[in-house]
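Here the chain labels run A, B, C and D in written order, and each chain numbers its own residues starting at 1.
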Amino acid sequence: MPMRKIINDPSLVEDQTVDGILAAFPGHLKRIDATRRGLIRGDAPIKGKVAIATGGGSGHLPLFLGYVGPGLATGCSVGNVFSSPSSDDMLDVTKAIDGGEGVLYLYGNYSGDTMNFDMASEMAEVDGITVKTTLGRDDVTSAPKAEIKRRRGVAGIFFGFKIAGAAAEAGRDLDAVHAAAEAAVFNTRSMGVALSGTTIPAAGEPGFQVAAGQMEMGMGIHGEPGVEVGPLLTADQIAGQMLDRILPDLPFSSGDTAAVLVNSLGATAPEELYILYNKASQILRDRGISVHRAYIGEYATSMEMSGASISICKLDDDMAKLLDAPAYSPFLLQQVGGR
Amino acid sequence: MTDAVPGILRAISEQVVPQANTLRDLDSQIGDGDLGITVTRGMEAVVNALGELEGKPVSDQLSRSGMAFNRAAASTFGVLFATAMMRGGAAVKGKESVGAGDVAEIGRAALQGLMDRGKASIGDKTLLDALAPAIDAFDAAHKAGKSLVEATDAAVAACEAGTKATIEMRSKVSRASWVGERSIGVQDPGATAVMLMLQAARSWVHENASQV
Amino acid sequence: MPMRKIINDPSLVEDQTVDGILAAFPGHLKRIDATRRGLIRGDAPIKGKVAIATGGGSGHLPLFLGYVGPGLATGCSVGNVFSSPSSDDMLDVTKAIDGGEGVLYLYGNYSGDTMNFDMASEMAEVDGITVKTTLGRDDVTSAPKAEIKRRRGVAGIFFGFKIAGAAAEAGRDLDAVHAAAEAAVFNTRSMGVALSGTTIPAAGEPGFQVAAGQMEMGMGIHGEPGVEVGPLLTADQIAGQMLDRILPDLPFSSGDTAAVLVNSLGATAPEELYILYNKASQILRDRGISVHRAYIGEYATSMEMSGASISICKLDDDMAKLLDAPAYSPFLLQQVGGR
Amino acid sequence: MTDAVPGILRAISEQVVPQANTLRDLDSQIGDGDLGITVTRGMEAVVNALGELEGKPVSDQLSRSGMAFNRAAASTFGVLFATAMMRGGAAVKGKESVGAGDVAEIGRAALQGLMDRGKASIGDKTLLDALAPAIDAFDAAHKAGKSLVEATDAAVAACEAGTKATIEMRSKVSRASWVGERSIGVQDPGATAVMLMLQAARSWVHENASQV
């Protein structure tokens, strides 16, 4: 089955994507080394501020590179599609963004990433750079709560970038930025549903498929099998099932304030996200949970995968303030004014 | 043995890359389906790096080709491959000549590196389950006075058995663990990659044993 | 073939989408009448400023409703999927947003829309509201240049909203806002390619299909047949063919300044848009055309259609200034600061 | 004739909506494929509106049901349907009783409204090519002293011929014109909708001619 993709040589997808981003927003980002995959803010390093490094496989834009910018992450290593970046690039990024106050690593809990970032942090420490790590692990379906450390990170890691990024921008120290990131990650829960698979360009054939009319609850953003395959439910049923699993997990309780993110995995249209949000917001209202801010759109995609996820982040006053702080990236729908 | 490392790596590239779809299909069932690409891109980078490594110390050949693999195709498998090669290389660093007697030591250092990096145990359904028995078997055969060819055959046979044994295991770490029960019944892709690599190494040893 | 859509009752898609948007961004928009489909800025009418009304079929978000906000349109009528809104709703919107300085109608050149808007404007004039109309007609493949009035509007109408919206926000009068809109529309050229069809929810079956491995050059955003069906080309070839048709049409010449928009029709991933932009920006550089600003993402979608379009708008100094002016909508990636 | 308008509209709803897929398929070939939905949603709204229109003057019945259609399913067809019904209604505004003798006048007013609104001409491959000959035929038959049933039969026959004739036409306006040459060979969807509607009207007339 041929791919429905607008690309050139499949092995050039990652580099040409980065080239396009650099061409589109001159000055916003810079490459550390023309031949490699480390990218940092145009104005990095920023002396006297904690830097945030992220990274992961390509194929998830705006995740990860799209979350580099003022009030967000400082640098990013870009892997091949759905594959970890190399520890070499991570080390280069770490050195290039360090402003003397240490570096926070913030990325998803995937073994390729963790092992490469661990390797990079060991090398960075040798160079005298203090590194702390926070792992996104918001996907409630990826492991039972008792094994929360095994859970994978999905779209909800956005709250980590926004909240920790604001903390770093505000001049907080590494411990405080790390604490902000941990607070964001530990208070976020996500769940996704996939209506189709996706094809890694270099593989040429879909690694995963979901038949039309079917859905897979809990499928991961690389097509990791989920909890259940079954007939496609209605938007209201899907929103209900997701919140039934998300809300008790933290748990979220009446009186809580939360931010909500409804994310398209790629092919799912904006209209459908709003239909999902419409139901989710009703459920939250009924449970006494007030929505501080809603994010709806593409935040962590899987190329042309059809499907969506809902992420909910419980906020305290400090987190709400950090979430509202200005931030800028050409990929982010949040205004400089914080609107 | 400075010819052996490039020779074996080239054999791996020639014989394993054509089987990349097997790895992709296994990884699609319990992982994310990228292992075929990882091995293809990684081994291509290794072969490219070999030009500069001819005649270099075995230690450098091992560690640099491992780093080349992970730079081109970082991933769980990539970083583990790199870690194994770097630790294996470190085990023979400074040695004037490296021979069959060093293989087990290189293997044990690599294995320890894998366990340090990945924090997995034998039986977790990973490539450790393919590599560990291979090293033990090589070591035992070598200590029993067997030839390099015989020790290699024993190692590959143990590796194949270990790899097959992963079919019945339930994954306890990393991506495949997310599938839970559904991981049972599928041969571990990383273990399979190690097995295919050792099979390629064996064919090189058979053809070149006289020179080693 | 079952649909890959997260919806409830297909006949409720439009209303539940609007409900979700209103729930997600409280205060941003308001409904004129709870039972109908006219929506306006939360702070409309704005006394002493020209108002801009738009509208069109659902299924294209962020077009049209997403382009209502400060510095953009003032109100919008929402039709059923791929169908015109009714003249009743248009008239209601017109009355509700008129700030005493007249109303500009800005929408795509589709007969259902033009006939309904014409009907609405006749009724509005009876009510003493001056209405002027600008039609988006940027799609170069929809008619030869000699018959430019027949061309349909696609993603390039975004430049109309941004430029005319800034002119209205700046307090220009109706003639000047109309002139700004006309300048934007007449200096914009677009071309699209579709890699799949799309399914109107209420129809349940795809009205149009493009086989995997094929592409249709010039297909419209409702699946209107294009100029050519053929095997899927590479991104570089597609960008080349598009610019070969777009650039001579205005024409764009060496020394010109332009804004570029690379739009996903829905399922096409951000990565692919950047690969397209990468080539397009090289071609423009080679032709001596300098890019003032690039917009890349979902600007006019067709639900889950796979494909992309490129739009180019030639700018003079005034248009560039208006394009850079701040604007806000939860759907728009342009900062209040104008970045 | 105050029963005729609701009766005919109900007949259209009952007989045309089940053929919506035919309209969708034609519109998919040279338009955007929504005409089936448009007619379904529009006629549903018309039938809902009829409750309040029973016994009202024919003029109101026509214009209000036209507006209900377009409010529910605005589109080219919707606004044209509304325009035709509003202009047709205006033609008999204030008339105490409306009968077979008024049909041609209503039709001519509707046709003029369609041409004002859509700015198309006969031969452009639109619903005008179905409606205009029907009105002419009805008028001629009526003037020749034919019965309502006979005049209706003549009108529908002319409409069917006009609709068929659109197959060979090349579209000159609106969406179908974007397909250019490719529009030749496909029967115009809007003309087809008009034809199906008039066929439904005919069946009502046949059953109810005695009462009109």
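The working rule: a residue touches a chain if its C-beta (ideal position, glycine included) is under 8 Å from a C-beta of that chain, and two chains touch if they have at least 3 such contacts.
The structure presented is a predicted model; accordingly, all values stated were derived computationally and were not measured.
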Contact distance in steps, from subunit B to subunit D: 3
Centre-to-centre distance between subunit C and subunit B (centres being mean Cα positions), rounded to whole Å: 54
Where subunit A and subunit B are represented by their mean Cα positions, the distance between them in whole Å: 32
Residue numbers of subunit D (touch at least two other chains): none
Interface hub residues of subunit A, defined as touching at least two other chains: none
Contact graph of the chains (line, ring, star, complete, other): line
Interchain contacts (touch definition) - all pairs: A-B, A-C, C-D
Touching residues (chain side subunit C, partner subunit A) in the complex: 1-8, 13, 16-21, 23-25, 58-59, 61-62, 66, 193, 195-196, 212-213, 232, 234-236, 238, 266-278, 281-282, 294, 296-298, 301, 303-304, 306-308, 328, 330-333, 335-337, 339
Subunit C-touching residues of subunit D, taken from the complex the two chains share: 24, 27-28, 30-34, 36-38, 40-41, 67, 70-80, 82-83, 117-118, 173-175, 177-179, 182
Interfacial residue positions of subunit A with respect to subunit B in the complex: 11, 79-89, 110-112, 115-116, 118-119, 142-143, 150, 152, 200, 202-203, 207-208, 220, 222-225
